[in-house]
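We just call them A, B, C and D in the order they show up, numbering each chain from 1.
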Amino acid sequence: MIRFEDVSKHYDNHTALRKVSFSVERGEMVFITGPSGSGKSTLLKLIYLSERADEGSVFVSGWEINTMRDSDVPVLRRKIGVVYQEFRLLYNMSVFENVAIALRIRGVDEREVKARVFDSLKIVNLRHKSDNYPHALSGGEQQRIAIARAIVAEPILILADEPTGNVDPDTSAGIIRTFKEINARGATILIATHNRELFRDTGKRTLKLDFGNFVGEGIG
Amino acid sequence: MSLPYSFRVAISSLLHEKWINFLSMLTMAIGLLFTAITLLTVYNIDLMTKKLPEKFSIMLYLKDSLAREEIDTLIEGIRQDPSVDRVFFIPKDEAFRELKATLRNTEYILDGLGENPLPNSIEIKLKAQLLGPESVKKLTAKLKEQAGISEIEYGEKFLASLHSVRKGMNTIGLVFLIVLSTGMIFICYSTVKILFYRKDEEIKTYKLLGATKGFIRTPFLIEGAVIGTGGGLISCITLVSLYYTFIFKLSQTFPLLNSMYFPVELFLALPAAGLLLGIAGAIIAIGRIRY
Amino acid sequence: MSLPYSFRVAISSLLHEKWINFLSMLTMAIGLLFTAITLLTVYNIDLMTKKLPEKFSIMLYLKDSLAREEIDTLIEGIRQDPSVDRVFFIPKDEAFRELKATLRNTEYILDGLGENPLPNSIEIKLKAQLLGPESVKKLTAKLKEQAGISEIEYGEKFLASLHSVRKGMNTIGLVFLIVLSTGMIFICYSTVKILFYRKDEEIKTYKLLGATKGFIRTPFLIEGAVIGTGGGLISCITLVSLYYTFIFKLSQTFPLLNSMYFPVELFLALPAAGLLLGIAGAIIAIGRIRY
Amino acid sequence: MIRFEDVSKHYDNHTALRKVSFSVERGEMVFITGPSGSGKSTLLKLIYLSERADEGSVFVSGWEINTMRDSDVPVLRRKIGVVYQEFRLLYNMSVFENVAIALRIRGVDEREVKARVFDSLKIVNLRHKSDNYPHALSGGEQQRIAIARAIVAEPILILADEPTGNVDPDTSAGIIRTFKEINARGATILIATHNRELFRDTGKRTLKLDFGNFVGEGIG
């Protein structure tokens, strides 16, 4: 599903990833961990093409996406559900619309939208907040809306960047349980986090980054 | 993506920040209003200067020796000329009466004269659109060759200054119209651009979610269209109110204004212009969407 | 908080989003430019209509019986009147020469007259600022009581229409100036307001950090001042360029423009007006800061 | 230092705190914990007056701040250093200026500013990022800038809302160590978090919120 071959990413004054190679099979659930600033978010950004790699090749579903034409980018992105570290909610839309947008962008029939959005909101326990606006939500609630939006369209690949940074351990466990269920139904899932409790005892593969280099791999 | 959805998004976005959107609408209204006022002013000045040529005529003073039939053929010949609009024959008696009227209180000056010393004359009015120093020169040169005409008189100076006034007015008017319209269109564009500037993050989120260009643009275009049309409607209403409160009232005391022309099409064109500007502004403001 | 720090913050904020700030500057420049152009136009029209009264005069036709000394005392008396500017005595011979010149080619009309039939006359020019139908009526009523004057003539119609033209022009000019200036000032304000709208979050962060109102406002006021002054400078430069490319060139072919008046103060006032508008706009745009 | 007496806070359609009473002594370091949406951020907001309580009294340093005049609010806020859950960095200023602003607002002499800002950045290990702009930082780095800004002016009270949600365990431990040092020098510190590792073995008091009610108190 995902393959990095000697991928490097340089920002103006900083090298965020240094000749990184790894691959994730279709249907796998993998954790990426590492200290703050080690390049976890950058790695995910290279997959949904928010940034392009400076060296090496990135393959997603067999496509070499790093040299992908601009016009194909939205097609790629619609196959992926992303939980952004900074949430990226739309602050002038209700919670319902914030989740529904993922379906609308994919052209899902309007009659299906309501049921699927409410299902997704129920999973993150926020069904009762569907009419609120994001700024009237707590930090953890906003993060859960971001999760609901990432999973509602049932994408084949889910990238979650620190998806439990603002929620309590019980809610975290619930979220990981949800990801595992979705993974069991066939979706590939990549989670960047430094919350060890998340991957402890999951039996899933864990990749450890440090200063832009892979420094270890293990089973959570 | 369905259009009704885009409409809902646009409307909710418009309402969500209604004050700032209303402010933009007002700004566009002002831009359109002033373009309309300038257009009207330039147009009316042009109309007025077009009427000026009516006052211009060429006078032919005829020799007393000319018989009535000779005069008639002369007039007929002049009528054939393509630049001539109308020709009047003024008998010497009528000219004398006019002179008397002109001298008014001092008409006793003429009392000493036994006989009417004035000649018969012909007045020629030219077609307004052909009126100019060259065409008049050509016609008078032709007339000079005719027998029986003792003198040809026309306001050379008047004609020249009339011509320069018209040219000047039209040039200034046009320059002003172009400068002002450009300025006002720029203001409309700039308002939408500054308004949409803070939507950068929103657009980036849409892009990251995989939305197509059309999906992203449509709600913004609708927003721009609503703001533009709103601005156009406000400017239209303001123009009508201005017309009734000022021009209409003033024309009672100042009749020149009565002849001003207010084409209904212009009033109807304002919302349409606003719509176009709003959409165009939104398109340019959002810019090329690159992934 | 130190002022140099506020300046640094303002400058860095201006540079951080330079394009949108430049756009606002241009918009304000256009607003100021059109206000200046309207001001100039209205002012020049006013100047021109002020010159028109010079063409107006009151003619007194004197009885032939009046002796030279009597005429002199009469003229002296008229000179005392506060509304009178200048008084000319026109001897009958001079009037006859003028009449001859007026009749030009038809002066042989007068050949039959043995003697000059015209009377001596006095021409009175009134002070421009006191010229009006009432003041003229008052003066002529007084003159009518004087002995030795056979007739008083003045262009009643000319005076009346001159008066209404001036009043109309001034009213329209003033209305236009007020409407346009209001509109343009609103555009300047609205630009700053829309520009600062997205700073809401920034201001909220400042407040939460415990900044005083002055600390929060100062950088924004400086930003507004820079944008306003920049706009004023751009409008000033544009006005000077417009003057040289259009008015200056056009005045060669269209001498009326030569007499137009371009006060240097106005050019200097533009950046100052921009500065004021920018600061005022910023103050209103930020609004009352409440904790 | 802080005393809540039967404090309630209602939002439009939600009661975030219900008759909450507690007090924190001068020089204490206290953790507030509880699930997502339980009212932790709201409780802190009532202390720095981002929100006002609807019922009850809030005392800070002996002042009843809930009825405080508007003009006194900035004076109160300048006594407090806050790590906001959503960071609240100024995105058109460099990292250096983002931290320095806390000193500038307090009128600290310009000659002192540089040294103190760099000291503070060193504590969060971001001395080398001082010229960057916030959007060129990773999530955890942004959070650490927010922490640096909260402590740089050495306020007598520090409120930290989920200050370690985006950083790795080692960095978290470092941050808690820093807070403890500051606390040892006399500052009162209140930390809202659901990261149990933070208060485990600190020996500090922990208050547990649930649905706007206090449901327990313990020692970490």
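Everything below uses one rule, namely that contacts are C-beta pairs under 8 Å (C-beta built on N, C-alpha and C of every residue); 3 or more make two chains touch, one makes a residue touch a chain.
Bear in mind the structure is a predicted one, so any value in this text is a computation, not a measurement.
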Common touching chains of chain D and chain B: A, C
Centroid spacing, where centroids are CA-atom means, of chain A and chain D in whole angstrom: 29
Inter-chain centre distance, chain C versus chain D - centres from mean C-alpha coordinates, in Å: 62
Intercentroid distance (Cα basis), chain C paired with chain A, Å: 67
Approximate Å spacing (C-alpha centroids) for the pair chain B, chain C: 24
Of all residues in chain C, the ones touching two or more other chains: 17
Residues within chain A bordering two or more other chains: none
Arrangement of touching chains [line / ring / star / complete / other]: ring
Every chain pair in contact, whichever chains are involved: A-B, A-D, B-C, C-D
Residues of chain D defined as touching chain A within the complex: 11-13, 33-37, 40-41, 85-86, 132, 136-141, 144, 161-162, 165-171, 194, 196
Chain D-facing residues of chain C, complex: 1-2, 5, 9, 12-13, 16-17, 202, 205-212, 215, 290-291
Of all residues in chain C, those that touch chain B in their complex: 17, 20, 23-24, 26-27, 30-31, 33-34, 37, 99, 105-106, 108-114, 117-118, 151, 153, 164-165, 167-168, 171-172, 175-176, 179-180, 183-184, 186-187, 190-191, 193-195, 197-198, 242, 246, 250, 253-254, 256-257
Parts of chain A lying in touch with chain B, wherever the complex brings them together: 48-50, 70-71, 73-78, 80, 82, 84, 88-90, 92-93, 97, 101-102, 104-107, 110
